[in-house]
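Structure provided below as structure tokens; questions to follow.
Chain naming follows the written order as A, B, C and D, and within any one chain the residues start at number 1.
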């Protein structure tokens, strides 16, 4: 075995470049040729690839994004694209493909592995921390640190103006960022997709808190929350991606303001949570994952992905990652209640 | 003269605490009693004030917001409130009031000075850098640094996804933050309130840029931009504060996307631009302003505000600050064109 | 049981205030009175303590250091001090003492528990990550992030000047900070206390690297490294705390420079690694530990400390933490070799 | 005129890459060929240069250091080197050379211009803010921000341990960084080269402060301070560059500790002050300077350098920059005394 491909798929995530650098350094050390495929699956469809050497990956550890580019294309929806992937994969002489991605990317990788179109080793990323099959998938630590720093900033402005500040953070299906940044940032209310929002309870808790003398509050909202009482309404907003219009958190803010009478503002943290300098931990994990991916290639563990269990590296079938989402740790949520308004 | 009051009015701004600390340290050094008035003019209406000592201002230099709180109340609209201000001011025995604020706060201060309700020394803040009468009013440097750091982050995600990223920054009437953060952050298009947006020209420039091989672009939008072709439409959005819904930048993004066909996303930087740790320069200027405010009290320069000219401290009548807004330096804008897509 | 004391001992560490806040919030929730003891064991000797309420711990999550103060006093060396601790502990009516500290503080706590002077629950901190008995003790994540950010900065100056930069990081007995920040920061040589330094091998590796065309290198040195060939010499420097004079890293730099001929400079990261804003993870762990400490008080697990195992909270006897140091994970070190010069 | 060279000389400085990028963008816009010379004057001696295009300068705005490399070589000491510079300059067909540097680099540039070896336009950098002839030379704002952030961190550890913390910052001949970061960081003593240190007065002030109930203090020391009473002793340390051993600040710390009895520690901020991400202001100024340098080439203002006066760009003879150093603004120093211990 000689030639290894690597692609990054789905949304970008801090730590992707650490994986790419590690794959190249470790791969070259073993005498492999490492081929970078541009823009996720699109690069395999378009035959857009180039050999990566040490210079290609020099100075990228502290860079966000991915030097390979990424895309959200789904070739499973298009047989022609799968055919092209198959042709280009064969033509390129790639012996194994390291696929760095999350749930959507892994669904494609797993299916293509099953159909024997490609031989895949997965490397899990998950800025939402929602991927199963591994204790941790990189990206999340950076996102939590950025969100926490933003919450720190919102505190001072909320306090100065005696406002309620509603901050919307990442988390389409799981509330990990909201929960951990909410605890670290000293939020007073944390709303997560795992628990439908009871807006009346929220307003009551905020009123209680302000009756006890507090004049400002911080409410953290996962972008994917749903509402206990108006589930259809919330769902519509979420599905139509109206969150880019401040959808759900703006709606929650307006409900809080009208119910409590407190001046309430929204801050959408958005894309800055995923860009920029990766945290030390995400660089470390990305590096460890990249090195281990090459080891799994050597072991011919195709169809498997790198997995971290109790801080040790293992491999699990890629299916394990996509079977179901990893929802928030309820022990941590319950622990945190003592800090939340109620 | 013995007793000096200090209040912070209008929107909070990084550096307010530096001013408060400096006023207290310098004032106590001169044997004054310093009285902190809570929540801007509201505190004078409600007689909500307390004496500040060195302990009150210890450890606040690196804190955003204002330990005194602030409000946006306008007593000029309510004669009863002016009466209460007058009563509480007299009753408190305050000899002079240091008012830290921007345009709106200074309009009130100037009027109350004219009516001899209070004796005022102004200290100018302006996160938008739009205040006249001084070369610089603190808050802006921090906002530009935060916005620039956010733009750095957006670059990596824009490049990875081959997207156009539209970032909305502060600047209701002037484009200083957009211009300086746009230059520092390497933006490709910078839209400011001083120049009505020609959306067709923007789209053409972006298309040109992408035809030259670039696959991502960064567009910076001041929250207060208006549109050349649809001025009424834009104005409506701005006036209704629909910008909290991603109004103007979302609208621009949708127009860009439909016109150019490039995937275009919005990032609203919002409140995080004004919260959090002040930059070294804003702390330095806040400190210098606070010290000089006490000196102006000694000189009985009532009705004047601290002013920075060529890095030296002076005073000017508060009216100078509010006569007209300081619009962007067109020399810098013209200089920057060479970096912008066209 | 009603009255709970809390003290922070030994060197300060990011996350201490998260623990204090969590102990207060959780404790008050259970109807306990929480008494803060000032300056570690010194406060028990001097009877310097005060009751903590919610206001005492408001706004401290993002503050480094400890609002209680700390000290390095060792009462085991002075029977009078133990007597005073015993008297003041009884007089104060404290039912249990939560001791937040590292190895030295826990030796004292464990002994005083054995002698039935106090009833102790431990909360482990360890900026060096050297404490046993728990997978993680807070402080380390912040230190690694700061060290990594500093290494990022050293890269650009090293590259511009074609220099070797030797950066000394924390780690008196264990090389965790050097190893993790070295990997995350893309260091070329990482020297840890666990492996005696072979200075000839280091110089050879650097020469090899520069012969392959690289013109700058980053060498990370734990403050506690010893040398293979001159162990006595290095030991002397280390014991005499000559490291505050740039001791060991300056010495290594001079040896590298004379042996390789490359311009070699030293950067001592020092105290900035332990001060300042805690990372999100250290705040989260500090918070979880503080809450669990109160739970252990309820369970009357005296002589035990909070322990994190596979991201779940447990308790272990305090002795387990101090029996032996947790040295670096050799799997990670071996993994990282592929990135190191050789 | 067609071909423009650019070199960066002396110590690296945040903002150098902004200048290079601006020179390339503006130069290409005018139809010039821009040639980058590697490693300062060394590249002219070695004929090490390459043409720079837009790709060469893409993504470098937020990068510290200089993509061209730098060196501290002084060809004025070696006639052979001047000869080679002359030959290579002619051979390369360069019409004018943009020299980005500080005092030492400008001495060389000025002399070579006088001897008609090269035609020079200067761009001033000065991390110490010591360069005359311009209100500002980039690099300083970033250094002050980093130093201030470090002082913030030192506060929390100093307070927790009731220590005096002595922090050594940049400033070989002028105390600008110490003064501005000292004010912004809330330091209690600021020692600058412009005012010989009176160590007895320092100790007395610290004792006074601690007698008033404070238990920690921050002392900022410029690396180039001299001592009132022991000038020879301090001078020796400074000249022998013993500051890399913690020389002067370690010495001051030991004197403070022995005189006051307070636990006193040293933090050397060192190289991290010059590396890493430039502040927004340094990027803006670097960009403006680079654009203006091309304009000065057009105007054939050889022997001149870019100069900022009252926020407008001008040019002055390079000699003005090197005649004498810009010492600290005594108005600011005097203003700050109210915050210093005495």
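We adopt the following convention: a contact is a pair of C-beta atoms (placed from the backbone, for glycine too) under 8 Å apart; a residue touches a chain by one contact, two chains touch by 3 or more.
None of the values given here were measured: they were computed from a predicted structure.
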{"item": "Distance-maximising chain from chain A - centres being C-alpha averages", "value": "D"}
{"item": "Between chain A and chain D, centroid-to-centroid distance (C-alpha), Å", "value": "41"}
{"item": "Computed distance of Cα centres, chain B from chain A, in Å", "value": "34"}
{"item": "Separation of mean Cα positions, chain C and chain A [Å, integer]", "value": "30"}
{"item": "Residues of chain C whose C-beta touches two or more other chains", "value": "152, 155"}
{"item": "Pairwise touch network: line, ring, star, complete, or other", "value": "ring"}
{"item": "Contact pairs between chains, per stated definition", "value": "A-B, A-C, B-D, C-D"}
{"item": "Contact set on chain B toward chain A in their complex", "value": "8, 11-12, 16, 39, 63-66, 69-71, 149-150, 152-157, 159-162, 165, 215, 244-246, 250, 265-272, 274-276"}
{"item": "Partner chain B, residues of chain D touching it in the complex", "value": "22, 25-26, 29, 59, 61-62, 135, 141, 144-145, 147-148, 152, 155, 180-181, 183-186, 277, 279-281, 283-284, 287-288, 291-292, 310-313, 329, 331-332, 335-336, 338-339"}
